[in-house]
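Encoded as structure tokens, the structure appears first; notes follow it.
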Amino acid sequence: MDERELRALLARVRDGEAPVEHAVARLKGAPFEAVGGFATVDTHRALRVGMPEVIFAQGKTAAQVAAIARKLDGHGPLLVTRLDPDKAAPARRAVKGAIYDPVSRTLRKGRMALPTRGPVAVCCAGTSDVPACEEAAVTLEVMGVEAVKVYDVGVAGIHRVLARRGDLDRCRAVIVAAGMEGALPSVVGGLVGRPVIGLPTSVGYGASFSGLTPLLAMLNSCSPNVTVVNIDNGFGAGFVAGLIARG
Amino acid sequence: MDERELRALLARVRDGEAPVEHAVARLKGAPFEAVGGFATVDTHRALRVGMPEVIFAQGKTAAQVAAIARKLDGHGPLLVTRLDPDKAAPARRAVKGAIYDPVSRTLRKGRMALPTRGPVAVCCAGTSDVPACEEAAVTLEVMGVEAVKVYDVGVAGIHRVLARRGDLDRCRAVIVAAGMEGALPSVVGGLVGRPVIGLPTSVGYGASFSGLTPLLAMLNSCSPNVTVVNIDNGFGAGFVAGLIARG
Amino acid sequence: MDERELRALLARVRDGEAPVEHAVARLKGAPFEAVGGFATVDTHRALRVGMPEVIFAQGKTAAQVAAIARKLDGHGPLLVTRLDPDKAAPARRAVKGAIYDPVSRTLRKGRMALPTRGPVAVCCAGTSDVPACEEAAVTLEVMGVEAVKVYDVGVAGIHRVLARRGDLDRCRAVIVAAGMEGALPSVVGGLVGRPVIGLPTSVGYGASFSGLTPLLAMLNSCSPNVTVVNIDNGFGAGFVAGLIARG
Amino acid sequence: MDERELRALLARVRDGEAPVEHAVARLKGAPFEAVGGFATVDTHRALRVGMPEVIFAQGKTAAQVAAIARKLDGHGPLLVTRLDPDKAAPARRAVKGAIYDPVSRTLRKGRMALPTRGPVAVCCAGTSDVPACEEAAVTLEVMGVEAVKVYDVGVAGIHRVLARRGDLDRCRAVIVAAGMEGALPSVVGGLVGRPVIGLPTSVGYGASFSGLTPLLAMLNSCSPNVTVVNIDNGFGAGFVAGLIARG
Amino acid sequence: MDERELRALLARVRDGEAPVEHAVARLKGAPFEAVGGFATVDTHRALRVGMPEVIFAQGKTAAQVAAIARKLDGHGPLLVTRLDPDKAAPARRAVKGAIYDPVSRTLRKGRMALPTRGPVAVCCAGTSDVPACEEAAVTLEVMGVEAVKVYDVGVAGIHRVLARRGDLDRCRAVIVAAGMEGALPSVVGGLVGRPVIGLPTSVGYGASFSGLTPLLAMLNSCSPNVTVVNIDNGFGAGFVAGLIARG
Amino acid sequence: MDERELRALLARVRDGEAPVEHAVARLKGAPFEAVGGFATVDTHRALRVGMPEVIFAQGKTAAQVAAIARKLDGHGPLLVTRLDPDKAAPARRAVKGAIYDPVSRTLRKGRMALPTRGPVAVCCAGTSDVPACEEAAVTLEVMGVEAVKVYDVGVAGIHRVLARRGDLDRCRAVIVAAGMEGALPSVVGGLVGRPVIGLPTSVGYGASFSGLTPLLAMLNSCSPNVTVVNIDNGFGAGFVAGLIARG
Amino acid sequence: MDERELRALLARVRDGEAPVEHAVARLKGAPFEAVGGFATVDTHRALRVGMPEVIFAQGKTAAQVAAIARKLDGHGPLLVTRLDPDKAAPARRAVKGAIYDPVSRTLRKGRMALPTRGPVAVCCAGTSDVPACEEAAVTLEVMGVEAVKVYDVGVAGIHRVLARRGDLDRCRAVIVAAGMEGALPSVVGGLVGRPVIGLPTSVGYGASFSGLTPLLAMLNSCSPNVTVVNIDNGFGAGFVAGLIARG
Amino acid sequence: MDERELRALLARVRDGEAPVEHAVARLKGAPFEAVGGFATVDTHRALRVGMPEVIFAQGKTAAQVAAIARKLDGHGPLLVTRLDPDKAAPARRAVKGAIYDPVSRTLRKGRMALPTRGPVAVCCAGTSDVPACEEAAVTLEVMGVEAVKVYDVGVAGIHRVLARRGDLDRCRAVIVAAGMEGALPSVVGGLVGRPVIGLPTSVGYGASFSGLTPLLAMLNSCSPNVTVVNIDNGFGAGFVAGLIARG
């Protein structure tokens, strides 16, 4: 509620057009609801940030996930991330029509119907990075944005990504997932005039330190159009790319 | 034993009121007891620091926990922390009337009856932080201090914690648990004029490094009323908050 | 403003007792003031957290510090921290009556006059930790809380701190500064029934990593009454101890 | 050169319209020029990524910076970053009409004239973060994008940023700089439906580890619209925000 | 394709000897093939870097490994690394004649028949380093290079490696695997006039940090003929040593 | 072989008393034996460093441990460390009369019969540190040195260790194991005039980082008689203490 | 004071031979003295740990060092470490007869006259490690222990240290300083049957991380007679070696 | 001395052709010389590892460097690295004919005249990496190996390095220096069939952590022909590349 709305509301109170109780309700606000003593669901998030609250299942019990999903069901599209196959059943039962995908470990239902300015490319350096990419792709789908997949095009065979430049050029944003040395976002960043979202993955061993190395590499990219999300955070990468692609 | 007591004791020795052996015993002291060759129980801890020795079960065998609990039983309230469900049975049998709680992984019996100046708020950013909060809440209960729970009010929906300011303001201290980026203690610290105890949790993934990130964030809080305990250390947070709340 | 106040204000608007503009001003709030394009001074902080905004001089120019200090002067006691001697002059000129102390690198003026429940002990392990302690002591002085200094009583000569137990016991909170291995807070924590605030310092070399080692040590203290502040953060330690000592 | 262009070129060779040498030159390409044995200037970068090569002055001698700047002068707007005042003179002499700004440590000349969809907000938590913000603002200016400055609105006084929501809401992207615990991007991310670019700064001390703490915090943000750039990388933040704001 | 080939191709187009479509195909290139939507196999790698693409099985499903192996089978020798025994069966079925070795966790078939200048020594400090050495030895075998094994000759009994100097001296390169303090490469580096490839292993505990310590030690070797590969990267060590040994 | 022996040997060659082959054998030396292709047992280690080679079982297969143990059996006392219960059986069968202890995870047989100057104290801060202490105690036993156990005397109850000063004072060296903040070695170091060997353990959680914190703390001890071994390295601590205690 | 002395003292009180005040003084103890408000000198340290308190000058002002040195002068040998040349003058004036050495940065006066069992070897890998070695050598001299210097014998030329085995073998303990990869202590540890004290130095660059790498390497030594002190801690290494060498 | 030589020497002793003293001298060996008490020059290093001892000047005084250089002068080519301009004069005076280069900070004299199999490419990503490359190039020159310089061809403009493939292909080894994200070695490694030596540099800021990021990136390269040297270790990179290029 901005000042203009505030003045209007108060004027209506003054003029008797709005009862005090109405104004109290508006001004007190309460854009959240308690669930089961363990959650405070943010019911106005779509209004503020353009997408309803997404349920991060890791660290929650299957019952907690199901309860929160049931509360959110019907208030726009639903997305649950990091939902392991063995915890998915209660939430699937709770939300009729929800689709579970074991590769991206997501449960989803519905999609937003906002206009977009173009697709988003989702690239990765190797086959092992596919799950993080699929989490991003599912997120984009829920947001109503087309995902163009460009998989297994790492820098050890640089011609593979160069051959896909046409696909990259027609997108509004490019997500680039990579583990190991995390070099691909810099190369892609040097090829396209769009925001590149570096998505470091935990693919690797030894001195990759579970994704720390590609994370650091992407943060130090010599291509200045690269920004970075957390290791394996396909959802965040997809969400930001979706926001950029929107009209 | 302070100097005054020392003078008195020595005077009684001089005057023949106390035999030398008695004074030797007093002066040698021995405020501890050996248990089973593997433990030296600190039996005077309540006198010194306001609460009997609490048993940290992690790294101990179920039999060791039970033996130490049996020794401490009857000398004030009893608290065992980090007691996994599959190790709890022997200690429960050893201490009649003890209550085991699987969420906080605590075993407890009795509570202190000291006067307090008010309640302590126990807040957390997300549902996954609840176990650490419950460990703090159980500790407060054993200390005889009321805990006001304010759960799942993270900064991505800042209105949730703003809506609970009344609850925060009536407390003598505020515990704020958070994983991921650990931002909530700084926000709460800017809202209340009480000590805020930052309780970083291991909730998160990738660059949260099992709680290192919220730990560092809380240590660098721009709100100067924030102090910090170890990652997932709900007991420590509850204990210090309880000391502050005491009369 | 809580709901009760809100209802009252709105009722006065409805009843014509308060003009809309008055309510707009109240509801819009503006508890801050811009200074020179580079600062937004939080003028209501004392109301919220019990002490006016304190100026952290590090990273600010001498002119910026002086401008902010001039703005805050007269709204309660003033405290500037991390003010190097060569940057102090403009602020001293800007605030008549301010006292600069080169050991703690603070500039201060005035003190709060709130009731306290007792003094705070400020201990340190070695002579090199004195500057951090003095920053804490100056903060306590500005808050109107007595500081009891117990300096250079590190654990390599454990009898030194044992000899000062009487001083520790009469305090409401104990600040313990230490560099190197940071062991003193654990020892003190085992001696007193009060909150102990561990203040790690950057005193040391090699594997102390500029204070990381005592910081980690204090976070892992086996004495559960220890909470921790940032390395060399004497101000934060003093501020929290002062809040605990207040009535 | 895409396939369509390639077919056309080859057809012209076949038809004798283009000599072989011409096609060799086109196909060999050479979109770069050597400068003084130490640099290979990427002269086609504006075509690929939407902005000419920007000169990162750190680690280069003043003479090298000047030589590269002279080479780039006249091929679109010019921007030099990380140019310390004592190294700026030769480059200023080399590029007639260039403007040096000591706060952002930038040298610039000209600006792009592309259409934009709206302004970009540049926020910071504290006064010490201003230089990083100014680097971002200068970058936006060179890209022809309006910057809305929202400075010193850190979370210890959360009402300050809440009061500026109107400014945030009208922007296409939001840059949020913060040192210390780096909490502000999460809070802003929860308020707006636009991409938020977290810009961690090296402001802080002790356990901030020269910006590592806010960097980690931002990467773990619970607000999914936050992506992150390197510590103190105002240029990168500005560049990506500018790309997002473009039509 | 180098410039000389390019001129020749274009001349043939000009002279009508090569149709445009042929040149398009050559110039577009496509030295890769998609496999199952999850992989883009680099089929020209042997031409570029002297060995066909090697399949890194970690992070891939058994089915993915088998599908890629089937695609590569018949295009030179085949090597799969990091293939755990429980994932090996499908790939063995897919590639007739392949040999699986559980110690090195490799699947291989065929060997290159290029001339070599001499053997490669594969040394290790302790028995626990043998698996990494065997991965190197299998790689050398596939490359057609003889491996001379010098196992369990760590520096705590320095005479053991001194006694094998003759074996070291006749090799073209020396691989030295070590965990714990990683000292052996420095000692060997001081004995031979050949490139030494330090292969840190994750053997150790505590402050070895899963191989970080020997990795750092080898990087800081006072013997300047030591270069280093990733922790446990026997394949990389073997591959580089094989390249050095080639004619 | 020192110079004196060398002169004597050569004189005997010159005088025909020793055949050339004999001298070759002496001078070539071969104080080791190969075992099963995977080990090179250092059979002269007792002569050089005062104790036969000790078998570190971690990372070796049960069969490898048994084979090496069989080879060493009969050449002085035998000690196997880090031998998990489920791998112990083959080695027990291989070495008749060997004793397996599951707490210290050691297998041992025999003991050295060298004179010693006194016992060694083995202290620990908590019950969870007992396994590391027992590894040290078993090592001392094999070396023929008496171990005085002082367990569970951590600094949170400082009177416990002060009460055992008599035990500490009669020892030639003191091993002090501690996890968490690792403070006990500093306190003990300030009480005794003997070398103190700090033995950090992985006991703790969160910011103890698996023993990194007590390791760092002990390295920074303000008591200069403290040296440090690797985390959980009870064997190393016991071995060095045993060397110090020897005559 | 042990129990025997305590009984005697109390008997004398009982028998009127000692007045109460005398016993109070004895039992209260006070084995320390305050200096200038910033130091609490531990005057009984020589009785407890075998050497008077040593002054660590780093982080103290020249005036503080001088004041403490003056207080300690005359109570046994005096040693000041880490005393930079530009801070040495006041302390030299304060302590008549003190000798300042700029290489080891020590000030010393007098030496202990206790019997020793033999010399201590002080080795280093390179010329740059000499200052740390000299700090150790001066410490040994003050303790009255002979130091045998074996400098610049690093593992890149392993024959150099092998040639000095005779020198090593006649010592009671061996200090081995090394920077870079820190391999020398392991090699020396494999040659001698004495305690080896690893002294990591900050010599190196890049991935030596100011001595972290040799520190970690030494902690992971495969030679079990190696214990470790802090980076550049020549004093600690010398002190422990001196204690071992004592009778 | 190998076994064959040993037999021959002993036969000559037996036959009276060689006096015992001669054999003692040979067998005792002494392939080093003491310099000024602070250095033990390894005079046989060229025989063992193919290049005389190189003087690492960092951490040595100018006088020490000069003394060691004078000792080595005349025993093959001389190379001093890390010699800052202000320390170079004494060494230049000590070694007649030596050439000092301020960019690479080297002093050199003479070059080896061994046959080589081809040149070595020295590439770098940016202009700021040139000093490390020049150190490598000078080392190659002293070894008598041609260096082909390919500078400022970083991955943000990938066409630059692709355009230099001809230069890379004719080399026997490729050194690739890069700071920031260190991606270039992976790209080059995918283009050539030669060993690639990754040379991470400290060029960058923030999360590059003084070269840690490119170091980690190169260690995790997906191109298996990449090995890595220490940060800024141009000498080591040049030395190994030179060994590979030799016949």
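Labels A, B, C, D, E, F, G and H are assigned to the chains in the order they are written; within every chain, residues are numbered from 1.
FYI, a contact is a pair of C-beta atoms (placed from the backbone, for glycine too) under 8 Å apart; a residue touches a chain by one contact, two chains touch by 3 or more.
Source: prediction; values computed, not measured.
For the pairs A-B and A-H, the larger set of C-beta contacts lies at A-H. In this assembly, D is the chain whose CA centroid lies farthest from the centroid of subunit F. The distance from the centre of subunit C to the centre of subunit D, with each centre set as the mean of the Cα atoms, comes to 38 Å. Taking each chain's centre as the average of its CA atoms, subunit C and subunit F sit 49 Å apart. Rounded to a whole number, the gap between the C-alpha centres of subunit A and subunit D is 24 angstrom. Residue positions of subunit H with contacts to 2 or more other chains are 3, 28, 45, 126, 156-157, 189-191, 206-208, 212, 215, 219-220, 223, 230.
Of all possible chain pairs, the ones that touch are A-B, A-C, A-D, A-E, A-H, B-C, B-D, B-F, B-G, C-D, C-F, C-G, D-E, D-H, E-F, E-G, E-H, F-G, F-H, G-H.
For subunit H in complex with subunit D, the touching residues are 126-128, 130, 151-153, 156-157, 159-160, 163, 179, 203, 205-208. Taken together, the subunit E residues at the contact with subunit G in this complex read 125-126, 154-158, 162, 180-183, 186-187, 189-191, 204, 206-209, 212-214, 216-223. On the side of subunit D, the complex with subunit A involves touching residues 2-3, 45, 48-50, 54, 165-166, 189-195, 197, 215, 219-220, 223-230, 235-237, 239-240, 243-244.
Put simply, subunit E touches subunit A in their complex at residues 28-32, 37-40, 42, 44-45, 53, 56, 58-60, 64, 68, 82, 200, 202, 210-212, 215, 230-233.
Subunit G contributes residues 3, 6-7, 10-11, 13-14, 16, 20, 23-24, 27-28 to its touches with subunit B in the complex.
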